[in-house]
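Heads up, the thing below is written out as structure tokens.
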């Protein structure tokens, strides 16, 4: 079933790597032909098959057949922009999650879909393969013979990989948090329109983060509750711990969201306040100088004071100019008193 | 019971088509008389009766009688603007959903009500028949002998048709998403009032979308949970997958809604900011030129400097004009210093 | 117990009507004396006693005694402004609902409280009796011998009456919806303050609607779930259908509410935008003419150009006027260039 | 355990009254010494001990000992600003509620904490004793021999007292509702800043109301559900009724809250609209008179028309004045046409 | 598993104190070497080991080994910024909480992480050790031989320490509440931009408070519900009481939050209202003086009245000046009438 067609298919070729291990041995190699993966199925060791690049129907079909995977899983894997979830299909557990990364320079949030199929003694992971690899720390730990990982089953491997993914979320959240912090300081200094653009982009990042983290919470909860027999009781405690971490990530996102909308509110209030301040200055200036200019205008009228004694007799007074300046001073002073009474000054 | 009378009844005549199939055979034909539908009831093959146009009480009454359908179902089918839902009436499952389509040119969201009655070996679908047909891909798959569909029962057919409907939702959501994206870019370029009109229409589209998708979620969940014996366990996994897709559609709608209200907030902030900027320019200009014009006005008064030595003696000074220009420059400079201190410049 | 005293008691006298029926017979008459109601209690037929006007403690006390009604029910009936609910008191079911009507001309939302006491073979309804009668369609159906109603019990009668009430909600919702539609069109044409008044009244209507419909949902759900033995299983399916209708009414109210607050947001944005536009015009005009007026003012000063060659020599230049006009044009052109650069023009 | 120390302890002395009753007898007296309360413990009659004023550790300690009360209860009673709740401690039920009163003149919302300890045949109530007594109606009913109360147990007495408290909430809610109503009318008449102060105080009152009513809902629900053996089944129906009343109070508070925030929104929109209107008037006046004043200024310049034929020849034209007035009229008319086109007039 | 690396590790050295007690004896000493803690494990007395400063992997590793603590607990303890929670790991209960303190002078909210490991007869607490010690009152009560504490087990000690922590929350909430109160009074006096800065900081404090208190609620609820065998039934009633206190703290935070956002709304409305008032003054002044200045300007034009009888004949009228003043008075009066009609005066 086809929720929506895969968009922006990666043109990069498929790359398959296999790590097969138990407590004592580790075999790791790149796979040229998908057939090489099949024999691992029947070995008692834990097999991790990692598929990078999803534009490979043949490879997927072969894996489906070899490992008895339900075709609905493979459909979900190849469709982009899926919602994180955990579903149990017969004897397999399917987990879909989203990898996030944020470049500190470009400050763009990148997304990539990562799928996991957990079987009894194997784990197959699928990545789009555009954005580096979040799983490298786990690989290093496997190679270095880290006992807790090497001696545990495929379920613990799933936990370690998901934990690495969640770890990455915290990095992204921290970078965004620092961004917000920086904007908060700028906010009270100036009302830069660029701030609004950055805020607008941050708000979209929050939506992306939420869409990735919130549904994962439920998926990890299902794993932690021991709903599947594929997750051993000894591993459940680790999934519970991971669940706590995912909740914490979700919490932090909400706090950042609240912080951001608080900041926008404060920004709006600040702009409002400044407009009010600007208005006051304008009003004070206009209210003082308009009457003054009017008085000056009156005495600039060209009525002939010689035509009659009622025609601007002030012009001929010896102290006419003093009188006019006095009148102006009185008006200005009156206005200043009025402004002080209104607490505008 | 009559929640509200059917509005805008389609004047188009009723059109009934029947597809009767099993794994090996398929019979498809248009039905002139509703009686032709009755014999299919007792055949073991899967029968899909599609009724387009609901202005036909006789046809519905005959179907009710022939297939033993509860009269409440038929009442719901003929009433417009019903809420999506799944109800079990005796030995039938009734599903009501809403078909949506959005013309990219006119950008109008069109709605149509689609009802399904699932029986043991038959499925009757009812459409208003105004807006093309979302079921064509399923018909094509039936005709082409697509095994998974042809060999399954009426419950899988219900799943395929609902899936086609949900597929359409994603198309509509994508078109609206692109619209939003385009508006977001425009937002920072200009404060076009047309943007507000488009935003207002989008907000109404979100409400329509939500009203269609959210209740469907619950309906599909009921089907996925195996509440009805008419849905075989083998089909349940497909309804679970469909349920995931409906949730994803609901999620996307919420994300778009959040994006849209975020945009409106940013728009308001931008307008506020611009008003503040405009105010500043006005205030700077007024605050500089009002005092200057006042000074010019003063020296434009017609007091007679010959009347007394107190009457505008400046007019007779050899450097009176230079003095006046100097005074004006000093005032202007003072204002500019004040604005710089306030960070308005 | 007395949650709050009845306000605005209707001075109208009590009016009691009885309809007593079964599949084959119907007896309907107005009751002068409440004693006439008592004999019906022991008859196997369904008895519907409708009491209009609640200012009648004697009548209520007699009914309490005759039908064994718990006194808390009668207290709730006579108190105004009660919350819709369904409570089971011993062998009776008590349902309280609110009738709404909205006059299209006065556009006032009217409320009235309606209570139901359902017994084994009787239903007593209480209305305040101010606002016409929503039950007339049910009465007509009873008289016309509508089989589904006449042959069913008192529980089906309760369903029919509640359904008539819910039907009325849809009418009210539709009228309000049309009002909103009309306002939406006006919104983009002008910023009429009358719109705000109408919006304010609509918001209050939504609160009234919600308060009536939301709690009824729960009450009907209790009836549909078969919590009471007084509701026969055969009637439950009708209450389930009614429950769907109440949910749909609640949904529609929420959609209208969301639409209304969306409209208010858009209205605010529009006013903000227009203020910004008006400001721009003012600023452009002021910014162009203030400097020009200042220049004119300068050359209107009365310094004597004959006093010294530094005193306004321009006044004596042969092209002084042309020079002044040229200066003004240059300033105006400069401002226009500035505005175009700022995209204000 | 000490959630926070009691603040503003009432300096008033403790006052203890006892009412001891059964269906046939009633003994009521003021208690001087707490020891007088002890003998009632072992009598079969219902004993109501009311303690007013909580600044009395000795009295409380004696009651704790005599009636076997858990010390956590007494700690809660003496701490101010506690959250309403119902807790069962061993063989006692502890209920804490808040009494509210609102003086119509001062329009101050007053709070007081009221605690109840329900035992098998006794009820001890604790009040801070500052704000009159909400329990008087119950006392009067006890004295007048009201059968339902006198013949019931201590649990019914608890119900009656809580009901009296809830009754008071409705009074407070009604007073606030009338206040809101009055403000709503004022809102459209003028934008009085005093309205904002009153609105701000109302918002705080809503928070106080909510904090008192919402948690009480849960407490009464616990009593209604029959969680405690101290509440007899016959009394449960009364607590259910009380529960409905508390929900109704909570509902009304929410409606008032929604009304208040709707009013604030409308207020803001109205102020915005008026600012826009004021701006338009200013802009129209400025835009008409600034160009006119400029033209007058130009013809007020002192260029000597005799210096050259290019220097303000208009001044010497026979119809120069008429020309100037005509030019001004044309500019003014042009502006008016522009404004009409923009729909500002 | 490593949710995020510990930030700002305290450079201060580790400090370990032990209190070992039962009803009759108390031993208290500072520990130099972690090995000194080990022997207490097997004693029947209650042992409280308090570790201040977390930068000590060796010490933690030794405690892990000696007390059989699950390594996931120690990972959580050393990571900063963890979410409060209660988890049961095998035979231990792990509780993580956040200590808050707010300096009244600097008005900075300080956070510190506090972890508890509860075993059968021991409690280990871990603090970052930067911010004084909230546990001192408990220590004093232990030393003074407070019976309820000394005779109870390690579970009651956990309760006492958590209660001391919650006590501190109330102090912080009270300080913030007083701050808000003070701002509320200022709000109506002036629109100080500093208020916005303080409000912005308060909003962040609310988020910090919430993040500390809300999840603790759930943790304490787990303890109160008796989920762990380590919490004795006799102690559960104390955790229930503590649970009530945590809810009350959460409630108070919500009330303060609502108060704060109500205040911001009112602030915005006030600024809006004042801008409107300022605008009105400006408009009134401009609208009165602009026409007057224009009239003065007209009569200041230099048209030669002797050139023709149409050129400003007013200038030669005997009452020309009176006429001009009269015209101005009429215009001003007209404007004042207009403003009064619009209710601006």
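For the reader, a short list of remarks on this structure follows.
As written, the chain order gives the labels A, B, C, D and E, with residue 1 at the start of each chain.
The rule we apply is simple: contacts are C-beta pairs under 8 Å (C-beta built on N, C-alpha and C of every residue); 3 or more make two chains touch, one makes a residue touch a chain.
Note that this is a predicted model, so its numbers are computed, not measured.
Fewest steps needed to get from chain C to chain E, stepping only to touching chains, is 2. Of all chains in the assembly, those touching chain A and also chain C are B. Remark: rotation between chain B and chain E after Cα superposition is 145° (nearest 5).
Averaged C-alpha coordinates give centres for chain A and chain B that are 24 Å from one another. Among the residues of chain E, those touching two or more other chains are numbered 268, 272, 275, 279, 282, 286, 290, 293, 297, 300-302, 312. Listed in rising order, the residues of chain A touching chain E in the complex are 163, 166-167, 170-171, 174, 184, 188, 237-238, 240-242, 244-245, 247-248, 251, 255, 258-259, 262-263, 265-266, 268-270, 272-273, 275-276, 279-280, 282-283, 286-287, 290-291, 293-294, 297-298, 300-304, 307-308, 310-312, 343-344. Put simply, chain C touches chain D in their complex at residues 1-4, 70, 72, 76, 82-83, 85, 87, 89, 190-191, 193, 196-197, 199-200, 203-204, 207, 211, 215, 264, 267-268, 271-272, 274-275, 278-279, 281-282, 285-286, 289-290, 292-293, 296-297, 299-302, 312, 314-322, 324-325.
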